[in-house]
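By written order: A, B, C, D and E. Residues from 1 in each chain.
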Amino acid sequence: MPDVLISVKNLKTNFYTYAGVVKALDGINLDIYKGETIGLVGETGCGKSVTALSIIRLIQWPPGKIDEGTITFEGRDLLKLPESEMRKIRGNKISMIFQEPMNSFNPVFTIGDQIAEVIMLHQKKTKKEALAQAIEMLKFTSIPAPERVAKSYPHELSGGMLQRAMISMALACQPELLIADEPTTALDVTIEAQILELMKGLKTKMGASILLITHDLGIIAEMCDRVGVMYAGNIVELADVSTIFKNPSHPYTSGLICAIPSLATKQACRLDTIPGNVPNLIRPPEGCRFHPRCSKAMDRCKKEKPGVYDLGNGHLVSCFLYAEGQKQ
Amino acid sequence: MANDAITIQKKKSFIDDWKEKNDSKIKDWKHSISLFTKSPLAMIGLFIVIFFMLVAIFAPYLAPYSNNWRDLSLQSQAPSSTHILGTEIYGGDIFSMIIWGSRVSLVTAFAVVLSIVIFGTIVGAFAGYFGGIIDEALMRVTDIFLAFPSLVLSMVIVAALGSGLQNVMISIAIVSWPTYARLIRGQVLSIKERNYIEAARAVGSSDWRIISKHLIPNSLAPTIVQATMDVGSIIITSAALSFIGMGAGPGEAEWGRMINDGQAMLLNAPWISTFPGLAILLFCLGFNLLGDGLRDIMDPRMRR
Amino acid sequence: MTENLIEVNDLKKYFPIKGGIFSRTVEQVKAVDGVSLSIKKGETLGLVGESGCGKTTVGRSILRLIEPDSGEIIFEDKDIMKYGRSELRHIRPNMQIVFQDPNSSLDPRMSVKDIIGEPMVVNKKNGADMEDKIGKLLKAVGLNPVDMYRYPHEFSGGQRQRICIARALALNPKFIVLDEPTSALDVSVQSQILNMLEDLQKEFGLTYLFISHNLIVVKYLSDRVAVMYLGKVVELAKTEALFDSPMHPYTQALLSAIAVPDPAVKRSQRIILEGDVPTPINPPKGCRFHTRCRYKMDICDKVEPEFKDIGGEHFVACHLMDKR
Amino acid sequence: MKLRDYVIRRLLLLIPVLIGISFITFFLSHMIGDPAAAWLSEKTAGQPELVEKIRAAHHLDDPLVIQYYYYLVDLSKLDLGRTGRNEGGRPVVQALMDYFPATLELAIIGMILCLLIGIPAGILSAIYKDKWVDHIVRLGALVGVSMPVFWLGLIVKYWLSYKFGWFPLDGRLPYSITPPPDVTGMYTFDALIAGQWDTFFIAVRHAILPSFCLALISMAIITRMMRSSMLETMTQDYIRTARAKGLSERIVILKHALRNALTPTTTVAGIAFGGLLSGAVMTETIFSWPGIGRFSVKAIGATDFASIMGFAMLIAIIYVFANLIVDILYVYLDPRVKYG
Amino acid sequence: TSPTTVTPTPTTTTKDFTLVEMTTSDPPSLDPGLEYDTACYSVTQNVYETLVWYQGEDVSKPIGLLATDWSSNDNYTVWTFHLRKNVTFHDGTAFNASAVKYTFDRGVLMNYPDGPWVGAGISSFLKGGDEWMASNNTEADVQAYLANEAVKVIDEYTVQFTLSKSYPDWMHVLAFPATAIVSPTFEKTSSMPYTPNNYTDTYLKEHMCGTGPFKFISWTHEDNMVFERNNNYWNTPAKAAKVVVRTVPDVNNRLLAFEKGECDFSQENIRNLPVFKNSTAVVNDIRNDTLLISFIGMYEGKAPFDNPKVRQAFVESFDYVTYRDQVGYGYGSFPHGVVPKGLAGYNANIPTSTFNPEHAKQLLKEAGFSKDKPVTITIAYNQGNTGRQTGSLMLKDTVEKYDLGITLEIQELTWATLLDKEKKGELDMFFLGWQADFPTADNFLGPFAVSNVYFARQVAYKNATIDSLYDQYFTAANQDERNNIATQIQLGLLNDNPYIVYLQPASYYALSKDLKGYQWNVMLSGFNWYPMYK
């Protein structure tokens, strides 16, 4: 078994809003191994971003708070670190790129300044050195004319360029974990292909682990080693990529995969659907959060929260179908 | 089958029917009210506003002296048991005058707000919706009005029309409508881009229908907030004009005028100016607190 | 009498950019620059392309929700480009549109009943049975008739999109433009909507212009597909033909860029396009794709390729076709 | 568009506005009773033949349009006509030049107070949203906008000057102190230029109450604006990015958020400056401050239409230009802004 | 007449002190020949000097100031004045007969419609003055006027005035501060000399150069004016080394300045008496017998005041005593006619008006007023005048209590609007006041009583009998006969009731308790700084 880089145990994050408490994460368990790309997939609002932000402790209070759990990184529990220590990790050992490259850069500073800032912060370099290194980083992500890009303001660049710059910035301090929260969702297909290709290439060069968040199963299939499928604040299934696609075990996972039209097959058949909608997390369904939409729901599902069941080979499922005695 | 369902529905009582149909509205209101009650400042504001409204309505019962009562031989008397806030320079009872003055203030505020909201909305909606030359022309006109600081312009307008409360109201209205026209125009410009406007056009709705059914109702929320907040500034402006002698007439129970009348006696009878000023402060604060609270409620980020 | 419900010929729409000291039009966004296509009765034409290539503009222009600058739009053999305001209002019930973002497509201050009823009211078809009709429409799109008294914010995104579709159906249109109706929705909901659209098409005999940037979805729903790049249609063919043997280099790149949700499919080679889509303000001369094209020839940046049939109703605009 | 083009465009756009301003002021002031009356006293008013003489002497018999034409011609020569008898009939421009520095001084000191108090208060309030600091600042700002300034002036004068004697009663300088050599006409700044520190402090002490009263509303507005734009900025994605870099909260706020939040506040500050100038009408009356505000009130009392017009013109023009400058400043604060 | 010279009583001062006067507003300008305004005279009279002034508080006794003595011909049309010698202007030039001529020609030729020369009729007294004013004011007209030699230099120290008509009180006119002698050289060497018929930019508006005991130093508009003692004064120099006149509109600030010893004297409105009343730092100088008349005009040109009964009813509806007690705090006297006490022509036997509401109500009933026919009567006053405001409120309260359908609408107007409305006959009643320019009875009888001039025209009052009586006034043989005519005119007025003449108000000066040497200025043209010290 490969080395565990970071280990998340029973992570619960809640948002205390005016309308009520949003129970966004309902006990997440996740190990990220060194050097792997792990994907988190799920529909809007299922808690992918909150998971990512919880890991680097960027949930803002108010309204959000990590109420329970541990996140072990290099032998320390990140959730117990003082803020000043945590700051030394952010951007340095764990860094993050976001969905909207346009909005993720500060509009009033140049790209170069913003990349240099993180270098100066964590590597104690002078502004000049940091700027030089920033340009190096830009080159690294094969941006044409990196010097010019460094002097540009965000609004002067296209989305694809900005996302490359974002990646440069995230990689500037050679992090051990790169969290990419839907890095290509805002981009066009052809640009998405460029960025994914770039990330693949960089991963082999840098050796960092990547936590890739997306709602696009296609990207998962293309990029990831392992996948976690999330539904309403839970990781309902976790396995390596081929298992998930070939042998989806959770009813939600299989529903999800079948709901996507296939490019390869002909259009003759109707699409499978998952009835109903994603639940409101202020009043999530009792028991298994998926049960109201589940075709295989049992009485037990309505009352109890299913545990995590290991189907072997690191294939974890959270569903009573696989509980002891139920196992088919 | 389908018919059955309909007959079953019809058997329900009128009230149940109404409740069912307006269920969403009721929920929405309840939600708004619960949001509102969570903000103590807004509640205080609402309380003050209601308080002043009640005072204005029941002025004849609350005021110890009638509207124009004065006794010249009791000039500038200190607060006492007969005149609990003292008397002003013409021997009027300050407490009664403040009570009567709440009527003046409320009437002024509502008359002005109503007229500017209506006029500003019409102009803003037309400019925003039709765009082009109409927009350009109307906005240039508002530019000119907005080029003056409002107090200066209303001062000049009252000077032109002659002093008096009515003219003060007219002048404040003339000065304030461009703000609303701009506000509504901005709203309309952004709402115009929403797809439901396009959908309405796609089904063949007329311009008039789109403006009146979609644009104006949807741009009203920020306008109402703005208008609530503006009540304060309208009252302050009108009191200010009265203070420099352009507003309410002699002997009228208008707070600004009362402050002005007491100005000369500030050292000897500070109560004459102090109490009406407090009344203005409280009145405006009430509306501003309320407006602030309303804005929070209408802020979609809070509504979530 | 042709079998085409709609024919679009050489449609152009330039958006002016104002600027300079006197706020004159200094530049133009050539959003749609000579698009021709036709949609047969009862079929679904898919329109794909990257963001900003002019798909929405084509869709809205066909309904004359924006005024195209030039071109012909022939609906049921009549050129509606020549129609005045009142004539336009008469044919409006025949053609409807569903937008990408269901949130902004519904007036938040109107109840569902008012929203779906609006087309009927506007077109004076609001009889006493209006509520029944609305109830039926809601059923047709998979909602509960009682929902008509609720307001849009009480519905989920997918449900809102259903309301939008119900509104579009209210006047029994012949033709509906679907402008990315599922791109704001989750995959699980997307499949519900796609299925429903198919059902409705059969039930009401509808003709769709289905706009999307998601090739997989387009493939699923469309009979024929048109591919747009920078304001122009570069390829148009039957769905199978296009996906099996894409002719235009851009279509090829687009298809190869799709991330296929199947780890087993290992593509032989992926075509990665260099650079970004140029701005439609000053689109490249000649073939607009030449700046990113792998097969760029000398002629490409000088002469605009013709959009022509290479056989089997497969239209392509590329100089490579001449070489064959 | 280039900055130069933008400025030229804005200046050109000012022309119709300025013509509109002149039009409004002109016609309004001609509605103010008989313009000839500005030259009449209680004693002479009863003699109509004098009125006729005055009318003839001031072209008041011509049709309004012709008078407006004369007015525009004079205006192009920077001639705003003559004051009425209340100012001895001297040129309006001269009177404005006499009084304006005093007002400008108040407005500048007021603006400094506004920014010094308003911006930090807004930031604090945003950072400690829904904490007691926030409640106090918000309530303070609401009280600020609800405050009848003329009343506040009386009250602070009563307590701080009369009762406690902390501040001087009125005026710009005690008569026993010779004003510093005239450079700007603003005593505080002139004192600084001349290095007369004593005079400077005395002048500041005189200015502090009136400029505080003057600035209160704008201060409240700036505070609220700063708070809301700060809150808005703090929700932006780039703030999250900045945090994800490992920056400390202080740097995130003071470097990344502040720069962006200042931009909308700048616009408000531009408008606030106009508010300060017009607020002078009240404040100067209360604090016997010899500026254009008091000048205008006097002019209105005397129906001195040329002076009223000149005053309104001056304020409107400064207002318009202040906004123009703010818009240009915007460009430096926010590189995204495209002039348009 | 044989004048005596002014004898100020200066004593040598031990230390230089500054006197501080506080005023409510700035003078419009400093040109005494242009401004018809007490705020102007109250400073100019300390820098400039007139030919004639008064002894103490007795206005019937003119004495020489820059003149030493004077005489006239028998029918009072030609007057010869002998001038004081060895007097110099502040610019060092000598005062002489040509300075007098310059001053008078300047005043007439500037022809400022609102100035004292036109407004108070000084130009009109002089031979050729009326013709000049009626002319087009061309250069030829200037020469034509000068050819009259209305003011003629006889020798260095003698001037001769030729009047257009007989006027026995000419020396009173020469005491009017508008006729103060200005330095001809000062203005002519400056950048802006006056030219005939151009009164807008005279140099003297912002600068002063006279012969008086104080020299002008500076004027910061709406803030302060500074004056210094003239050590070359022809008489003993004044005691104060410096005088500062500060503009302090807020009465509270003035009171506090008194208490802090930062103010020495100020002219106050009687309405401010409660402010100063309790202060030990202030001595209140209140004088009842002033040359002021306060009254309300009733416009006879239309209903309801075309009916004499209504006018009489309103005269009887004003509560004179309460007004004096509550608004004037008991100060001021009730006028017997329109000529104030202290002037020749005053007659204490003319009855004062009285408050008689029952009778007034009766009269109004007779005039046809009733509850069923509501009538609104407008009454206007100039903004800011709280005394008049109270007066209107009182009248309103009284009249509305009659319950005869009369509503009194009070209008508070700026001066110009008031004038405008009055001219259009839109106002039924309006408050006015009159202050003597010259302490003569005709200065009151003319404006009040003569058809088509002044107040009489404002209220559309016409009485042919009175007009002919007024003509006889000037040709009367002696003072007694003139007094008799004055009484007849006033009795006629009392019968017709065109005005409610409600008060001869008090004048009020606040003085610091340390101030010494103060003398009341009977003409109410401000403080005489010369004798004051502390």
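Keep this in mind: a contact is a pair of C-beta atoms (placed from the backbone, for glycine too) under 8 Å apart; a residue touches a chain by one contact, two chains touch by 3 or more.
Every value quoted in this text rests on a predicted model; they were computed, and no experiment measured them.
> List every chain that touches both subunit B and subunit E.
Intersection of subunit B and subunit E contact lists gives D.
> Determine the set of chains touching subunit D that also touch subunit E.
Where subunit D and subunit E share a partner, that partner set is B.
> If you tally the C-beta contacts, which comes out ahead, A-C or A-D?
Here the pair linked by more C-beta pairs in contact is A-C.
> Which chain's mean C-alpha position is the greatest distance from subunit A's?
Result for the farthest chain: E.
> Between subunit A and subunit E, what is the gap in Å from one C-alpha centre to the other?
92
> Quick one: report the Å distance separating subunit A from subunit D, using the average Cα coordinate of each chain.
Their C-alpha centroids are separated by 53 Å.
> Measuring from the mean C-alpha position of subunit C to the mean C-alpha position of subunit E, what distance in angstrom results?
Centres of subunit C and subunit E (C-alpha means) sit 89 Å apart.
> Taking each chain's centre as its mean C-alpha position, how far apart are subunit B and subunit C in Å?
47
> Please set out, as single numbers or ranges, the residues of subunit E touching at least two other chains.
250, 252, 256, 383-384, 414, 417
> Among the residues of subunit C, which are close enough to touch at least two other chains?
none
> Using the touch definition from the top, which residues of subunit A touch two or more other chains?
As it turns out, subunit A has no residue touching two or more other chains.
> Subunit B touches which residues of subunit E in the complex?
Contact set of subunit E toward subunit B: 250-252, 255-256, 271-272, 274-275, 278, 322, 326-327, 383-384, 386, 389-390, 392-394, 397, 410-414, 417.
> Which stretch or stretches of subunit E touch subunit D in the complex?
Touching subunit D: residues 20, 25, 27-31, 34-37, 113-114, 118-120, 199-201, 205-206, 220-224, 226, 244, 246-250, 252-253, 256-257, 382-384, 414-417, 419-420, 423, 432-435, 447, 453-455, 457-458 of subunit E.
> Could you pull out which subunit C residues touch subunit B in their complex?
Where subunit C meets subunit B, its residues are 60, 63, 65, 88-89, 92-93, 95-97, 99-101, 104-109, 111, 115, 118-119, 122-123, 132, 146, 149-151, 154, 164, 167, 170-171.
> Quick check on the complex: what are the subunit B residues that touch subunit E?
68, 70, 72-73, 75-76, 89-90, 159, 162-163, 245, 249-251, 261, 263-268
> Okay, in this complex, where on subunit B does subunit D touch?
Counting only subunit B, the residues touching subunit D are 41, 140-141, 143-145, 147-153, 155-157, 159-161, 229, 232-233, 236, 239-240, 243-246, 256, 259, 263, 266-267, 270, 273-274, 276-277, 280-281, 284-285, 287-289, 292, 301.
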